[in-house]
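What follows is a set of structures to go through.
The following pair of complexes shares a single chain, chain A, combined with chain B in the former and chain C in the latter.
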Partner chain A sequence: MINRLRLVLITLLKLARFKPWEPVLIIIALLIATGGVSSVWLINEGARQGDIASQTPSVFANAHITAAHDDIPLTRNDYVSLRRAGFTEWIALSEDTRPLTCADDSGVGKQVDGLDIIGADTQVAQSWLVTSERYSASEATTGIVAFASPSTAARYACPGGIIRKTGHTIASVRAVNGLPDDVLVVPINAFYTGQVTPKTHPLTALLAIENIDPERQQAVKAVLPEHLQLEQASTTLSKGNLSESFRLNLWAMGVLMAVVALFIVLNAMLLMYRSRLSVAVRLRQMGVSARLLQAALLAELAVYCLISTPIGVIAGLYLTRQLTPVLQQTFSALFDSAFISPAPFLVQTISGALLITFVALSIFCVITGRQLTRATATASVRFSEWPLKWRIAISAAIVLVTGLLVWLADTTLSALVSVAAVLLGGSALIILWLPHLTRRIRDLVPPRYVLPNYVAASAITLSGKTRLAVCAFFIALSANIGMNVMTDSFRQATESWLSQRLSAPAYLYTEQSYEKVAATLPDAQAVFRGTTSMASRRVTVRSFPGSESARQSLALDAVINNDPEQAWQDFTRGKAVFVNQQFALTFNKKIADTIALDAVYPGDKSRGTPSLASQSYQIAGIYPDYGNPDTQVLLPVSRFAPAEGFSGVVALYDETAASEATLSALGETYDASKLIARSMQTFDRTFVVTDALNISTLLVAGLCFAISVSVLMMDLRPQLSVLRALGVHQWQIKLTLLAQYMVFCLLTALLAVPFGILLAWVFISRVNRYAFYWYYPMDITLSVLMQSVFISLVVVLCVLLLPVGRIKANVDLRQEAAV
Partner chain B sequence: MININAISKRYSHADAPVLNNLSLTVSDGNSVSIRGASGSGKSTLLSLIAGFESPDSGSITIGSQTLPFSSEKNADIFRRRELGVIFQSYNLIECLNVWDNIAFTCRLKGNSDDSYQLHIMALLGITHLKNKPAHQLSGGEQQRVAISRALVHKPTLVLADEPTGNLDEDTSDTVSDALYSLCRSLDTTLVVVTHSEDVARMATQQCWLRHGQLHSEPA
Partner chain C sequence: MKAVFFILMLLVLMACSKDSERTSLFSGAGESAARAQVTSKNPVSLPADHASHPAYELEWWYLTFVLKDAQERPYGVQFTLFRFGTDSGFVSNWSNAQQWMGHASLHSLNDHAFESRFAAGGVGNAGVGSAPFSAWIDDWQWQSDSDAPFPATLRFRINQHTQLSLTVKDNGPYIRHGDNGVSVKSRDGKFRSYYYSQPFLTATGAITHQGTQRAVSGEAWYDHEWTSQLARREALGWDWFSVHFDNGDKLMAFQMHVDDAVPYTTGTYIKHDGTARTLTDSDLTIRPTGYETINEKPVPVNWQITSQAHDINISVSPFKSGQWNPGQFAYYEGRVTVSGTHKGSGFMELTGYQ
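Right, the complex of A and B next:
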């Protein structure tokens, strides 16, 4: 048995050497697929880490203690006294703002902060310390290690290190979360070197390394000497994010790429199998058993997989690494977001890529197993179409099963399964109907147009051989259309919601107390926030005014008895509340249901003294609240008396008339239009990454298609030879081939449009509904659909130009027809 | 002994059966030639005898083996040990050289006999092609290699589909002489499908295939 396996395997390997393009194309397909997968996974990881980093609150934004007056500085003694009094959450900070240069004399920045990391008894600070010690030990001769935000670390990547004015070198900059941009942080002992001494550079501030609760703030205030003051944590306007949605998108892109890669690998394997079928038949006729032949084929393919998968992954990693500076700068400059050079989780990535190839091998086994058993005559292995009745029955079953899965999806997992069902169902329909559709196209081409007729006729034969490549393209394109329609709908819904919600001309973001704001702007509409719970789940509470302008700004999806007037009356009287979509869907509540809220605590934490006791309310209305990860209840402003839980946000209607000086003394004022623009920028910035990944997937699918074309063109040589012998010009042949493959792409694109729209509906009404508890109206814009189809066709056209351009159809009388 | 009893075969795309209630008996070590018009079903008959395809009805017995085979494994063993097939389109493995192509079946069987292989190659006049890749051979050379491959493992039954179809007259005589004499010397049963009257006449039994049935006289 072993000897026979060896004999057949050697024969197959000799065949590979005889027709080297077969293994070469398989290896290229594997490299592209695994390289694409690892790149997308690594970029995903980098973007995910960047997303985490951009959300990690900066330690510099925490509460801090500074000198109250310029004439009496903050001293080391103040720091020591405070820590001795038990306030060990405060660490010393000093700043050096003199220019920094790279070792090659180019300037990079001008701020180094010394931070007493040793004094910080937190996990984050300790991890910095360990890193710092490790690097300092390993790079003792060259300099110290500094920490910076990911985008700053990318910008400060100087070969040879960074030189301070003191003449000391910062050997390397490590990216960490929780630091502001444009600042390098070094341990304070490394900070004070050379001419930089506590005398020349006194302490700038004492930073709270963690959030300080109000009680602790009062306690520290009590022990502070007069020349020091406590400044509250900054409540500057958050960048805003759509983090969960964004992460799900990234995850979906990773899975999508894996599925496309699976199709690519399987397609390459089946193409090779097809081109070897004649030899397989010969071997079977000589008594080589189907099992033996399959084992040899699998062994050969496994060798290719084992060789090319790690290389593909490493190539993907190398590509991502090479692209990292570009990605970091793009993320930082264009999207105001971070991209962290992903740690090469090589073992996981190679394992994932190998898993894909071995799944492809398993499917290959199933597909070829039965065929090889009866592969004793060429006639018995010819691919024949199923009868029309069967195709209709199978298609109906596919549509029914997919429809049922979509309809019955009631959890995030089943919603994602229904997405897979739509994509795979569509692929199955393509496999069933592509030859039939191409046949209908041939019927439309009059025989007098010889070449177009040949294109259409030949396309029928080719449709059987390119089905899997077409499926990969279909999946990538459908997903592209689905995601674009979903994102476009989400964008439009968000923009219209924001425009309505931000009804005031301007908003004030302040760190002052409500009393001070109310005294300065008596008619201002402040927003109060609170935290409560229902059924042991956290619920956020916000105040909402009952004024006419406020009423118009709150778009309610549904109101009690369909009577907005009654809903608002019940709300302002405190009898009823409005809840967001997330609340209604999470707790499965409808209009007019009664909800029992636990005690409401002011602010973001459910501790301390509650401002409202437990109470039951009726739901008077449900409002859309896109992008909010929380379940939320709106209560009338009157329920927040005495005013507690002031959020720091004030809607300015007539107060815009107040002098700029008054407003700027209180905080920062933003025009509503600027806030909307800023939010939409955040939106676009978030989804542009998934757009880019989507196009990468499309490109990989296009490359897969080009590989199929390259293989099939080898089979086509005898036919092309005949065409040349009949006097068809070389460029006419190239154009013919190009037209042939574009016919497939066009047909696929036409099928992908309805499936893409269906996919968008599933994303919006099922995935969003169960993953994030919100949904929004689907908006189908023709230009979005056209753009997806156009880009995909251009991508395929570009990748096809290479194999089609290379073909040389020469006349060769000795060519044999392919089996 | 081959015993074909009332077999019929119809292809799904054809109106009439290609073989219709056909019967044939060939004794061990004998040879039979089958002639007929193109498309009359000669190659199909060989395919059925080899077990590559199954008849719609009727039975085929080869020695103690009744077709269809009880299992795929038995079919493979039968093909490896008992059967030699000479295909109309040669069916050589193009990536192997002449020697490896001929030796392939013996190696599969696990009993290579280099001297016997050389003997057969000499009889067919292809010794000088020993190391030549199969894809570089002319049609006639490929045919002789295919004949060598079918005989080298000393099968009990050889099925030959147009074994001299691509050879010139002189070579055709030499090759057919070698084929028949080798089969006789090995006591191998030979079924030859041919258009050549000379090749057909060398068989101990001659048949003509018409309308799906075998006749002992030409039309």
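Right, the complex of A and C next:
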């Protein structure tokens, strides 16, 4: 039995070498599917790990012991006394906010913290040490090693090290969990190097490495000397679920691509079996049982799996590695989260991919085997069309169900389900109506044009046989149009919002204190930031001026009583606030609602002395704030301008009298137009991943179409031979066939346009709304639609040229006779 | 087909990766050829050598207690202060190049409390002082009245819920192992340490665990050892036994594992009058007889120790299962019961089995 199986398998493999086109197509399809899904899996894994890393509560949010007054600092002796009194849950922390620079002189950040990691025998510290050991095993780094959150570590990757002005150079930065962004943490012994000593830099705080219960708080308070004070843990920060939503979107795209790729495999297998039909019959005549033949075919597919799957997975890994820098930047900039280059676990990934692919192929092998048996039993498969009233009823049901799913979507998951419903509903409508539409086209072609008439008549039959390919193309194109319309709308909304928001001609970014900036530029409009909370959720606070020029720069979606003048008056008097869309949607608040904000602390931390006490405000306006992951409240600068909350950004209007030298002494000045251009560049980079997947999906769909055509060509050979015998030129036949398939594509594209627009609306008003808590107006641009359709048609035309070019309008009658 | 076969073979080879090997307990502590080395030219000198030896890579002050309460319930207690020399490559204004680690453990028949502490040297919250002798890390305090470690009081708490207060007295001489305190640990003499003990210790005091205080008393064993060689990566671990025989005699038995070499065995038999004799590799056999699975790995916890020269043939077995100290440096440290030609109790330390 085994020997016979081996013989048949060798025969099939020799046949594959003799006719390599079909197996190559299967291998390519498997490559695309495994490569695409592997890269999506790896990207999502990176996002998931980054998410976990970003959401790990920061040890810096824990309770602090600080100096009660500026004149008596917290010293090393205070720390030792507390530890020797048994309060070992506290570790020393020292901060240095002087600028850090890369060895190549580029600025990288502004804060390095020294932490007594050795004294913290906690899970957090141990995980850092494990990270450190893991790195030391893989790279021979010497010198001071800093720890940072994954997104910060990605930003601080300086090949030559990071230079501190007075302390020793930091050799490398390693990503660990549980640290806030924009902070480098070094062991405290490394912090106090060079000219940095405990005298020049007293300790900033003693940091609790765990939650301190009330009993323990009382105990520590009782032993604290007068010059030290205990500060409670700050509110836990929540970064939201942005990257989770990204991952869901990416999975949806990846699955979409895999489904389309599976269409190819199915078609390629049909093609291969059909071309081998004559050999299969001869094998059967030689006594090879149907079961043995099926087993040999399965074994052959296993060989293709073994060839294509590892290469596909490795290609997916390579793609992910190439995209990693872009993804890290995107996650950091857009999602305020991290992307960690995932460990590939090559053996497990390849084994898993092999198993899944082989199981899928085995199922397909059975399906195509049955179809093959049917094909040999009957002359042709007739496509029976449903009656009109049934088609209308089914169409109505599809539209109703899809509409309901879209209408009722109120979570990220249900929004994504509604996306799938739109695509599947559209596919079902295509299957129902495509033959009908092609029949209408045939009715339009006058009978005197024989060849076009043949094309139209043949198209009706083919419309039933190309359903798989047409559906794949429809799904890919609708998704493409939807994504393009959505991206374009988002782009336009962002650009217009930025242009309006950055109303000043230039902006100064400075590291100097507010006092110095205010003394140098008394007319400048500084931005102050703060942190508060509402219903135990973190809310960011920004100051906003009430001047006329500033009013022009804040677009308000809605204002109280539809009266902007009243809204601004209430705002500048401190009676009311403006909130961003994210705030309104997260807390389910509307215009004129009253909100109770907790105390507002200056800066990014909700600790220390608050700038404003808890207070209730009325919402006077809601403003769009695209891309901001935070809920935000604007307070008038007349009420909220704490010097310690100075954000380092100053708007420079024409009336701000300052020389270039003065400005450059304070910091970096940027033209608003350059800031907008830079922001839009970041924006465009963000969509590189989805664009790549989009194009890949289209290519896969085009390939699917080409394979379908190849299969159908075989059915058409006798008819084409007759046409050739009637004197029709080879090129005319090829052109005719090309036209026939392009008609299908055009019809599909026309149907895909409304579905693509619907999809874009679902993306913006449902997926974005529930995943990100903000949305933007949909902008349908004809050129974007045309571009999507045109590119897709060009892609399909290119891939169709291959099989159509190969066609020979004659037939090997001996082969047909054998069948 | 050849290519397919190659890929299959590759996958099989990749899947059959090697199991994790036995790792050295202190290999992460760092190695430096510049560190001081143990040599018989400088034997142990007391009381000066009770103090710290920062020129050496590793050092520890080790106390183990076999205690019982009024109801004869047995307890095993460990208190250890480790010192590591570090080589960070920079001079710090915060601390010196030493690091301290404290381990404290309490075993009753039903409970185990363990805590480890870490501290940088030169800061002030950990160290060893000599006049009078004291050793501390945070609030763990071993305080003597003189420049010798004993008599002393020992106070420490483990994880907030367990507190120990013990008074320790010595009633015999300090024992220098090997050649006047230079203890050779391997056949080629490459691995060696300065090593002396005080096995004649009695302890009384109280253990407060989960709010319940119990008076305890019993025997204790003190080791002070310092070296640079044991931090080498080839030093995979050791099996160490300290035994208090019921007849008042003491035994220290030690077996060192170095790479693939046959373990090297050494020990000291200490008579109740304080006279001691070094047991060489040929005098002493230490053989595992039973294993306990800890962290999914077999750890030999039952042993047979024999010495024909001293008519010793004893079985050593743990007084309870699971006497494993977790943490960054994990190892087995537990109280044992001794039976056979001699009866008694003691402590067993097994390192390198993680």
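Methods note: the second predicted complex is superposed on the first by the 425 of 819 C-alpha atoms of A that agree within 3 Å, B and C clash if a C-alpha of one lies under 4 Å from a C-alpha of the other, contacts with A are read in each partner's own complex, and residues count from 1 in each chain.
We take it that a residue touches a chain if its C-beta (ideal position, glycine included) is under 8 Å from a C-beta of that chain, and two chains touch if they have at least 3 such contacts.
The structure presented is a predicted model; accordingly, all values stated were derived computationally and were not measured.
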Touching partner for A:781 - first (chain B), second (chain C), both, neither: neither
Partner chain in contact with A:197 - chain B first, chain C second, else both or neither: second
Partner chain in contact with A:310 - chain B first, chain C second, else both or neither: second
Which of chain B and chain C A:287 touches, first, second, both or neither: first
Residues of chain A touched, compared between chain B and chain C (which is higher): C
Contacts of A:638 with chain B and chain C, given as first, second, both or neither: neither
First, second, both or neither for A:80, with chain B first and chain C second: second
Chain B and chain C contact sites that coincide on chain A, given as residue numbers: none
Chain A residues touching chain B - in the complex, by the definition given at the top: 3-4, 7, 11, 14-15, 17-19, 279, 281-283, 285-290, 373, 376-377, 379-380
Parts of chain C lying in touch with chain A, wherever the complex brings them together: 1, 3-4, 7-8, 11, 14-15, 28, 88-95, 99, 116-120, 123-125, 136, 138-139, 157, 327-328
In the complex with chain A, residue positions of chain B that touch it: 47, 50-53, 72-73, 75-81, 83, 85, 87, 91-96, 104-105, 107-108, 110, 133, 135
Residues of chain A defined as touching chain C within the complex: 13, 76-77, 79-80, 83-86, 88, 114, 116, 118-121, 126, 129, 133, 142-144, 168, 188-193, 196-198, 303, 306-307, 310, 346-347, 350-351
